[in-house]
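Working notes, beginning with the structure itself.
Should a chain be cited, it is by its letter among A, B, C, D and E, assigned in written order, with residues numbered from 1 in that chain.
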Amino acid sequence: MAATVEARPPDKYVDVRTQELQINMGPQHPATHGVLRVAIWADGEIVTRAEPDIGYLHRCAEKIGESVTHIQYVPYTDRYDYLAAMNNNLGYCLAVEKLAELEIPERAEYVRVIVSELNRIASHLMAIGTYGLDLGAFTPFFYAFREREEILRILEWICGARLTYNFIRIGGVMRDCPEGWLEDITRFLDYFEPRLEEMNELLTHNHIFVNRTANIGVVSLEQAVKYGLTGPNLRGSGMRWDLRRDDPYSIYDRFEFDIPIGTGIKGTVGDCWDRYWVRILEMGESVRIIRQALDQIPDGEIMAKGVRHLAFKCKAGESYQAVENPRGELGYYLISEGGQISYRSRIRAPSFCHLSILEEILPGSMFGDAVAIIGSIDIVLGEVDR
Amino acid sequence: MERLVGALEGLGESAFALSLLMCAGVVLGFVGIWPLFAVWLERKASADFQSRLGPMYVGGFHGWLQTLADGIKLAFKEDLIPAQANRVLFWIAPAVAFCGAFATMVVIPIAQGVEIVNLDIGIFFILAISSVGTIGVVMAGWASNNKWSLYGAVREAAQLVSYEIPIALSLMIPIIAVGNLRLGHIVGFQCAGPEDAGFVYLSHHGWLLFYSPWTLAAGLIYFVASLAECKRAPFDLPEAESELVSGFHTEYSGLRFSFFFLEEYVFMFVVSIVGALVFLGGWQPLPFVSFQFDNPLMKLIGAGILLGKAVFLVWVQIWLRWTLPRLRVDQVMTMGYKYLTPLAMLTLMGMALYQYWGCRYIPGIL
Amino acid sequence: MGLYERNHPDVMMFKLERNLPDMGLLRVADTVINWGRSSSLWPMTFGIACCAIEMMAVGASKFDMDRFGAGAFRATPRQADLMIVAGTVNAKMAEVVKRLYDQMPEPKYVMAMGACTVGGGPYWKHGYNVVKGIDKFVPVDVHVPGCPPRPEAILEGIRFLQRKIMARRVLTRGEHHTPDFTGVSVSPGTTGIQDPQLNTAPAVPTEATS
Amino acid sequence: MFTYMRNVVDSLRTTVKGMQVTWKNLRRPETTVEYPEQLVPLPEGYRGIHTLDTDICIYCFQCAKICPVDCIEMRAERVEKKFLSWEVFNIDYNKCLFCDLCIEVCPKDCIHMDKRDGSAKFALITDDRSTLNLDILEYKGLSEADKVAVVKVREENAKKAAEKAKAAAEKKAAADKDESEDKKDKADDSGK
Amino acid sequence: MNTQEILETLNKDGVGQGITLFEGPKDPALVIPADRLVGVCEHLKSAPSLQFDQCILVTGTHMTEIRDKKTKEVTRAEGIEVIYHVRSLRHRALVALKVHLSLEDPRVSSVASIWPAADWHERETYDMVGVVFEGHPNLKRILLPQDWEGFPLRKDYEFPKEYRGISLEVDPPWPQQ
């Protein structure tokens, strides 16, 4: 339908050698999504070398993980990937539940899936909104936020907080669905799908946007695997890999959904546009999952028996539990010696791995592309630095 | 205004100087007031596009005093000059940039026969003087001793120099039809009618935009190139916020920054009003039907219509800005050199042939 | 001279040291200037952590900070009036925050948003790396607690700040307090990137003129 | 050449399309909530500033123990063995992360998070950080108007509690039948 | 493919010397002698039947000494354990590799050349626990400032009082205006 953009060999532009310019992008820079600092060596507008520098938001996550009890650590997990706090809660709770061998009630599992998928939509909306902002399109950001506010309203309704929910608890969820909550989600989904189409018209298929993103920041599948990319970034490179399907946790094996991958519609497989497009499609898949979950949700308990907040203890052991965060594979590796506190709690943050590929893909791109590439891998600094 | 100048001319040199000062005062006053309105318009329009409200509280009704508050704040803000900056250049750069936009106002007729100077090279003057602003921007970027500023300045220089060509070419096309560079004459051409025309009459040519397919194309090219000329999105690379922090004015604060701000909005107005004069029939409200604008009341109405058209064009610029993403720097160049310039040249040739073959009264053949 | 000296904005503007008499017209001028300043608080695009998302939400459609004239986010500290420190500030970041604060022209205001910036927040106990309250190195005009605060709380914080500005004297003599922030210094930290050109920038690269 | 023309057409077409979308949104009503005049409705169980029902509290210290950030400072003196009197119940909003755990562990359901609309919700905004260590017993953050309201609510609460005590005396067995329901009710009427 | 099968495959391919199976209460792991780590990892990545091509996580843990309460025997010696989680996308398998190091001189060769993803993880492990990865291209602190002292995730870490003039202690609020 739309034009494909010709591939642009990076070498073409670096014929004339001039003095390199070192430039410091961040920590305070509008396009670094927080406090990432990228030192860039540039030859005119061409980036010749880039080195990300992180740690400006290091918040001692793992030290806290071995200082507070399991129950107390759940609210901290909200704050690492603050755009997808529900998914973080879920990952940690699953890891602890694996150690404690808890049975989760059916209803709680469904509520977990619903809120996680809603949060995934919110997170992707944020990602595409700020991506538009990076590329100079302001309005999609506001539209994305408008839709996101609706999700936040729904999530706030059930748990009382807008961003850091602490809703999914060890053994279940914090609260049962309020009256009318499930119906409201259906209403939201009906409202949301046409709006997503609108977003596509405004931004996704815009010629300028396609030109800015297609064939830019191409991550080949080999590179993606090598650098440990997961989530939409790996799928954007053409790998059909989704932990919800390939290593099912919770009750994801009961739902039917597709795993969208980048196919290089506008340019090459694995370019910025593909990664962006995978996120758009994933929102549609999340809508599908939520609809199925809403149909199937049973009545019943929402908390496992025998989880007492002050006296919750794990059995000794080690467990690695990964969940599919909106950004990729979020893993919690816990070592427990029995007792209330983990001996070691390690977080496998997807954004951390994604950032390390910048050194490889930024060189050769132009300055504006650098912004586009950083935006397209969708990092959250809270998670990178922990 | 012209009459006023003429009347005062009789009083000798000092009075003439006084009259010039008065004209400068009028222009400066307009230049001062227009951005107040334009910035407010921009903020409100962007808010409307983004389903929010925009300024609401300052001044009561829909934040109409918002920009004034901004101005007061900027005026009373500390004026920073970086220690490593080139002080002289840093100091004069905003003034130079501002003068470029400011001086172009001199030749713009606001109604029939109402202009400060009726230059015979009107359009040429505007094209020439408006480039002065670029020098100011480059000075600012260089003097700031900031890499982001330098990037912004270099981008600005490259972009503006490139887009001078299509903008000049696209303005040549109506000039071919009119055969005169005076802005007043261009409008006069668009409302030229029979000798014995009454108050309302059918004009011979109508608006230049609809004069021939070539002028229509020229109008589009002019609009796109003018966006680039006044650094509006999608060509706002010199101050691309997400790439270059704030581009060439990264180091500017307070009043000096506000000069760049003013310059941008005044220049938006200038390109819009030139567009309105050249392509949209100036003060003529309808494409093919003209009115006599000879008495003062009608001139006032005409000025209102012209301003309305200019504001509309500014609004379309704003609309575009809040719709489109930004181009990349090489794409801006591509757009200028590979698309707009060749298309403008093609249009120019077409228009020349069109005039030559004398098809002017049968629009749509060529 | 203290290592960190806060020049009062009005002193720097007019060199009048606020010793004009408390006269009617000057009071009116005070009010007008304060009105301009309070109705046009341009914040800096400077998000650190979770609170930054709420800060963006305040700028977005539902809460729309622009209604108060505070919606023009500026990317450069030179053009900003208000620094919303939105998120945890750690030892590595503190130097950056301090430098950004120094780069802002007077008058400048700081909003400490969220528990982390106010007083260390959840990280006060086990956060070996976290600065417990940014008021250790920059003066804070308004504290907005919450984790993260609701957008309304930020709007309320801005209204608080506006009231505070309106109560100030600019030209005339009046009761006035200069906060005492001497003796706090922050030296630039070393970072992972070993390039002398990137790391040797002076902490305060500006000088003031009037 | 084909690509060239297609690029021209495409850019024009998608621009017009985008402008259509923004135009459509221009005509939609704004979603802005004009905050000081209008308020966003807060849900049940909104996590605001804590309130404590001192009459019910049994000094079990569970909320202080569960708090991940140790922001609750609690001291009570034991008078005549059973009867306890309050000394300190402070919550430090310099630290609090609004996780809702203290509300959940409370066996008597006496600590709540404020969900009232109005100024009290954001009363903690201050330029003096030390006031953030809030004395929950006194709740200093209230404005005068709110204090009146609180007194009113307290009186109503007392009334309701008396009625409830009556009802409870009548049927003891149904005391903690439905925990969540009960909690909701409490959150409703102990709105201070 | 579970860990037991992977060990069998390794034994079959002739690289299984010295590798033992750690069977904890939950996740099993392969315990590899530190000097054989790179060889085993290379094999894990390249062998067609294994194809562990994605390095998920590198974790360093400071293991304190544990003595049996009754017999006072050391059941777990003090040391540092480095755990590598690697995944095979082809075979949908995840395996944990463990290396035990001494606390005094925790050195192990780097696997960053095999899995570039391990580069940053190893830097982080160095930053947090102080494990020196030999042959790492760029081994320096990643999250903390370069001149930070100590390794925070060691159990005996003491919190610093200040860093470069900024107090990191919890102070009473600043004297008010």
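Rule of thumb we're sticking to: a contact is a pair of C-beta atoms (placed from the backbone, for glycine too) under 8 Å apart; a residue touches a chain by one contact, two chains touch by 3 or more.
Keep in mind it's a predicted model, so treat the numbers as computed, not measured.
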Checklist entry - Touching chain B and chain C alike: which chains? => result A, D
Item to check | Contact distance in steps, from chain A to chain B | outcome: 1
Checklist entry - Which chain has its C-alpha centre farthest away from the C-alpha centre of chain A? => result B
Next on the checklist: By Cα centroids, which chain is closest to the centre of the whole protein?
Outcome noted: A
Checklist entry - Based on the averaged CA atom positions, which chain is farthest from chain D? => result B
Next on the checklist: With centres defined as the mean C-alpha position, give me the chain B-chain E separation in Å.
Outcome noted: 63
Item to check | Inter-chain centre distance, chain B versus chain D - centres from mean C-alpha coordinates, in Å | outcome: 53
Item to check | Mean-CA-position distance for chain E and chain C (Å) | outcome: 42
Checklist outcome for this item: Per the C-alpha centroid definition, the whole-Å distance linking chain A and chain E comes out as 25
Checklist entry - Multi-chain contacts in chain D: which residues touch at least two other chains? => result 7, 15, 18, 21-22, 25, 30-32, 34, 68, 94, 97-98, 127-129
Checklist outcome for this item: By the touch definition above, chain E meets two or more other chains at residues 141-142, 144-145, 152, 157, 173-174, 177
Next on the checklist: I need the residues of chain C touching at least two other chains; which ones are they?
Outcome noted: 45, 60-62, 64, 67, 75, 92, 119-120, 122, 124-125, 128-130, 133, 135, 140, 147, 150, 191-192
Item to check | Of chain B, residues touching chain D in the complex | outcome: 47-53, 56, 319-320, 322-324, 338-339, 343
Next on the checklist: Quick check: in the complex, which residue numbers of chain C touch chain E?
Outcome noted: 91-92, 94-95, 119-120, 124-125, 128-133, 135-137, 140, 177, 179-180, 184-187, 189-192
Checklist entry - For the complex, which residues does chain A have touching chain C? => result 22, 24, 27-30, 34-35, 37, 39, 51, 53, 55-60, 63-64, 67-68, 75-76, 78-79, 82-83, 126, 141-142, 145-146, 149, 152, 162-164, 381-382
Checklist entry - Which residues, counting only chain E, touch chain A once they are in their complex? => result 24-27, 29, 53-57, 59, 61, 83, 85, 89, 92, 94, 96, 115-117, 119-121, 124, 128, 141-145, 152-153, 157
Checklist outcome for this item: The chain A residues in contact with chain B across the complex are 13, 21, 23, 29-31, 45, 132-139, 142-143, 146, 202-203, 206, 208-209, 211-212, 366-369, 371
